[in-house]
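Below: one structure, written as structure tokens.
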Amino acid sequence: MHRFANPTRFLRISNAVLPFAAIGTVILVLLGLYYGLWNSPADYQQGDTVRIMYIHVPSAYMAVMVYGIIATCSASLLIWKHPLAELIARASAPVGLAFTFLCLATGSIWGKPMWGTWWVWDARLTSVLIMFFLYAGYMALSNAFDEPGRGNKPAAILALVGVVNLPIIKFSVDWWNTLHQPASIIRLDGPSIAAEMLTPLFLMMGAFTTFYLTLLALRLRSEIAAARLRNAMMTGQVEA
Amino acid sequence: MFAAFTAMLIRDMRMGFRQAADLTLSLAFFLVAASLFPLGVGPDPDVLATLSAGVIWVLALLSVMLSLDRLFQSDYDDGALELMALSEAPLFVLVLAKALAHWLTTGLPLVALAPIIAVLLNMPAEGFATLIIGLLLGTPTLSLIGTIGAALVLGARRASLLTALLVLPLYIPVLIFGVTAVDAALAGLAVRPHLLLMASILAAALPLAPWAAAAAIRAAFQ
Amino acid sequence: MVEFSGKELSSFRGGRLVLRDLSFSVRGGEALLLTGPNGSGKSTLLRLMAGLLDPLTGTLFRDGVDVTEDAEAHRHSTYYFGHAEAIKPALTIREDLQFWRGLNQADTDLEEAISALGLSEQADLPGRYLSAGQRRRTALARLMVKGADLWLLDEPSVGLDKASTKLLSDLVKRHQDSGGMVVAATHVDLNLANETVLDIGQFAVDPGEALSFSGV
Amino acid sequence: MVEFSGKELSSFRGGRLVLRDLSFSVRGGEALLLTGPNGSGKSTLLRLMAGLLDPLTGTLFRDGVDVTEDAEAHRHSTYYFGHAEAIKPALTIREDLQFWRGLNQADTDLEEAISALGLSEQADLPGRYLSAGQRRRTALARLMVKGADLWLLDEPSVGLDKASTKLLSDLVKRHQDSGGMVVAATHVDLNLANETVLDIGQFAVDPGEALSFSGV
Amino acid sequence: MFAAFTAMLIRDMRMGFRQAADLTLSLAFFLVAASLFPLGVGPDPDVLATLSAGVIWVLALLSVMLSLDRLFQSDYDDGALELMALSEAPLFVLVLAKALAHWLTTGLPLVALAPIIAVLLNMPAEGFATLIIGLLLGTPTLSLIGTIGAALVLGARRASLLTALLVLPLYIPVLIFGVTAVDAALAGLAVRPHLLLMASILAAALPLAPWAAAAAIRAAFQ
């Protein structure tokens, strides 16, 4: 009856992770800001606006990654009915939505000086916008039912449908000639960015990741508490 | 299997035509909404021309979306959907048939109306062919993707709004390629790549959408 | 000799436990009557049996094998007759039956089914014009256009006049004689052949107790 | 002494004549039972009485005066309980009853009505979660939140368990004792107090003959 | 009478908005639908500005039509409408209450969100006031006229369908005045005449629409 698999072990793990993640976030952010704002050159053509990159790129990566996590969890929920998958997915959604928004915001702030406009409807930007709507739809759908767990399956299906969007986001810059930067970090022939820029970039990426882990652990606590309560009552009844 | 498909198709078409209310409403929306834009933009024909493709496509999207709840809702309410899920025919096939019926009663009429609107928004004649072909390739995709949205919201609060929220983002690629194709035609550029992209989206939606919709329907009985 | 059975079934609905540790078994030719007060869980059980609901715990077996192993086959050989009649205002009875026959790839004679339920006069009336009993009978006629060996009937006699009730029990008898299985929920006597009564009431979780959940 | 009666009523439905030259009369405290096969016209007659349908010919009288002269008054003092239960998936039983009480400007005690029909546990469940009988009982509870002296009940006992059926007849009895009138269509025995049976079958136009009209 | 009105209003609102979260749903819906237009016609700010009024009024029409069928149909199907017609309250009043509830759940959210959308479509600030007032005057009319159409299709007979379609053109004047009013404001012309016209349409619809709808409903029971 692993639908009621008591997630204590998982909870213990996440509780163990929590402090490290939290502290790690603080340290990495401080380091990242230091390198990003002081200890890195201004771009030879972009000037200081390039520093937006240290927020923009990590948030973009996180937005994409978190969606990937949600999709994976959704799959395992539909196939193996794994209870934790459902919890993780639901806990991740708002965080992912926030990262996507951050990516869009920083992006358009950066776009103003670079492209002379807040927004262009090119493939990269549009596909990210779609992801933003998908996040929103996912959350709306999973809360749209009167019955507690009823929204999980539909939401999971939606998340899987939305996966087709990920490759578009990732490769849009290569498939279509867009205003947007082509991949300059994850490349077969190695990064094409000045090393001094890479350091803060990676620091910030680390910071964002640990930040996500922190939020996840916190949210899971409450989610699991609620689920536990429900399960305890149900199983209690079943055995009674 | 094929028998089931045709049975489903015939039945939905029959019902569509007999209680044509919502069917015609979505078409009426298309016309009424389109007639608003010449006003807003003012008489300048060139401005209108540049907009026409976009306006037509957006309105097509919206009016298809207007008729989505017709897909499963009533069958869900009166228990027919349960019986379908329990029938010999795979739900997948039935969803496909429903999508086809929906397209024949919604998408196709839109394609037929499009030229009228195009003239209304004085789109240059070079664009027509591409517009029509684009709609012919695009609207079936809209119906297919629509089945997912319509199935996901069964039993939900404010279903119609939710459907829109879920479906419209997924419609965006169709919209973009449809419009760019027409613009390319107007600019005298090659349209085949755009149309091929739309065709491939349709090809992808054909198996995926019914599968997802069927899964969603089963979930709705819980 | 076909058999349909369930072990330790429990079901959780609307935020509360409805059935608990219910087991049953029907053999070919037998009829299982589900009785019990309103809200005790008869329809819920029938929906579990039809595979429309997943049980919270427990398993359903066909001839000893878990039905979830071949859900398709189970569905094909099951007919579920619920509270909802799925009558379409716009479709005539004949069109409706044609549709369901097509869906179930059966090749039954429609006219036979129609006349068997005394619907010959209404056969071409749109569903909008049918009386309560006529709607009910149309739904019953679908029994005949799907060849299923397990019938799940939820209060089938509701709204039927005496003649039709008789007709219903004949239908069921014929089904049983041909080795079919029947599970029927009812509040009135259906006087079927070799029937065993299962009182759901005893497995139902009394709402007072159950309500304590709905907070969750 | 209140009275409700009808003279030479005929009704034309779905392109055919359903009832022909039917007359009836109920006095305060009396109950009129409508019986007859499916499709004979019971519901049609009840809808005529409620004023939902206009008769093809004939007139309805309240204490001798044509009801069409003051349709308002007739509506206010009539409660119609049809096949459809008008349960909203999204509304809880209590919300539903509150609404109908408000609509009928009655000031009945809801809790009384709810407990009278044994719905206390479900009172806060949304309609979506109600069982067939619970839905039916909710519809019956509305009887109590509208003070009407004429009750028109269309197969009220359908889907009710034994307890609730008993409860129903008690309700009706109480209504009769307070001088109310009842017209009920039914296929089963409702054992009400001083009831007179009216077999609609004899006024029904037999479909074979009726079909010839449908050309009209 | 008034008790009945409020009872009806509360009930329909309850069914419309089960909780506050549903308002954010409306927001999301309007944002998605609105963002389709720039996707279609391109990001050019000037073009969008010229379209903005038209777009917002199309959204108004859309949101009204999305929920219109739900106005009476479900109550008709499950027998609630009969009971309402038989209740102590005059049907006229109930229709009025339903129309108000419909407006509060569809029209009003749009009015509230219109500024946001207007900004996104960079409509010049001079247009805002007129846009809002226009919507406040126009969307109730749309809901009211909608009741007639929704009531007429209940019978679902051919004739009633046609008459229902005849209702749709009644929308057009409202929409046209709504759009032209904003354009006038942007062009620095007088807007009062347009707004007065809209107000008078509303004044006319207020008594007429519910009366017509009530009649149509009674007819639907026959």
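Each chain gets a letter, A, B, C, D and E, in the order it is written, and its residues are counted from 1.
Simple rule for what comes next: contacts are C-beta pairs under 8 Å (C-beta built on N, C-alpha and C of every residue); 3 or more make two chains touch, one makes a residue touch a chain.
From a predicted model like this one, the values you see are computed outputs, not experimental measurements.
Peer 1: Going by C-alpha centroids, which chain is farthest from subunit D? Tell me that one.
Peer 2: That would be chain A.
Peer 1: In degrees and to the nearest 5, what turn takes the CA positions of subunit B onto those of subunit E?
Peer 2: 175
Peer 1: State the pair of chains with the top count of C-beta pairs in contact.
Peer 2: B-E
Peer 1: If we define chain centres by averaging CA atoms, which chain lands farthest from subunit C? Would you check?
Peer 2: That would be chain A.
Peer 1: When the C-alpha atoms of subunit A and subunit C are each averaged to a single point, how far apart are the two points in Å?
Peer 2: Inter-chain centre distance comes to 47 Å.
Peer 1: How big is the gap, in whole Å, between where the Cα atoms of subunit B centre and where those of subunit D centre?
Peer 2: Chain centres of subunit B and subunit D, defined by C-alpha means, are spaced 45 Å apart.
Peer 1: With chain centres taken as the means of their Cα atoms, state the distance from subunit B to subunit E in Å.
Peer 2: 23
Peer 1: When the C-alpha atoms of subunit A and subunit E are each averaged to a single point, how far apart are the two points in Å?
Peer 2: Those two chain centres are 38 Å apart.
Peer 1: Which residues belonging to subunit A are in contact with no fewer than two other chains?
Peer 2: Each of 121, 126, 129, 133, 136-137, 140, 146 in subunit A touches at least two other chains.
Peer 1: Multi-chain contacts in subunit B: which residues touch at least two other chains?
Peer 2: In subunit B, the residues touching two or more other chains are 18-19, 155, 157-158, 162, 165, 168-169, 172, 176, 222.
Peer 1: Which subunit D residues touch at least two other chains?
Peer 2: Within subunit D, residues 83, 90, 128 contact more than one other chain.
Peer 1: Report the residues of subunit B in contact with subunit E in the complex, numbered from low to high.
Peer 2: 18-22, 24-25, 28-29, 32-33, 35-37, 39-42, 47, 50-51, 53-55, 57-59, 61-62, 66, 77, 157-158, 160-162, 164-165, 168-169, 171-172, 175-176, 179
Peer 1: In the complex, go through subunit C and note every residue touching subunit D.
Peer 2: Residue list for subunit C touching subunit D: 13-14, 36-39, 43, 83, 121-122, 125, 128-134, 136-137, 154-155, 158-165, 187-188, 207-208, 210-211, 214.
Peer 1: Within the complex, which stretch of subunit E touches subunit D?
Peer 2: Going through subunit E, the ones touching subunit D are 1, 3-4, 6-8, 10-11, 14-15, 18, 75, 77-80, 82-89, 94, 221-222.
Peer 1: Residues of subunit A touching subunit E in their complex?
Peer 2: That would be residues 117, 119-121, 126, 129, 133, 136-137, 140, 143, 146 of subunit A.
Peer 1: Applying the document's contact rule, which stretches of subunit E touch subunit A when the two form their complex?
Peer 2: 18, 21, 24-25, 28, 32, 35, 38-39, 42-43
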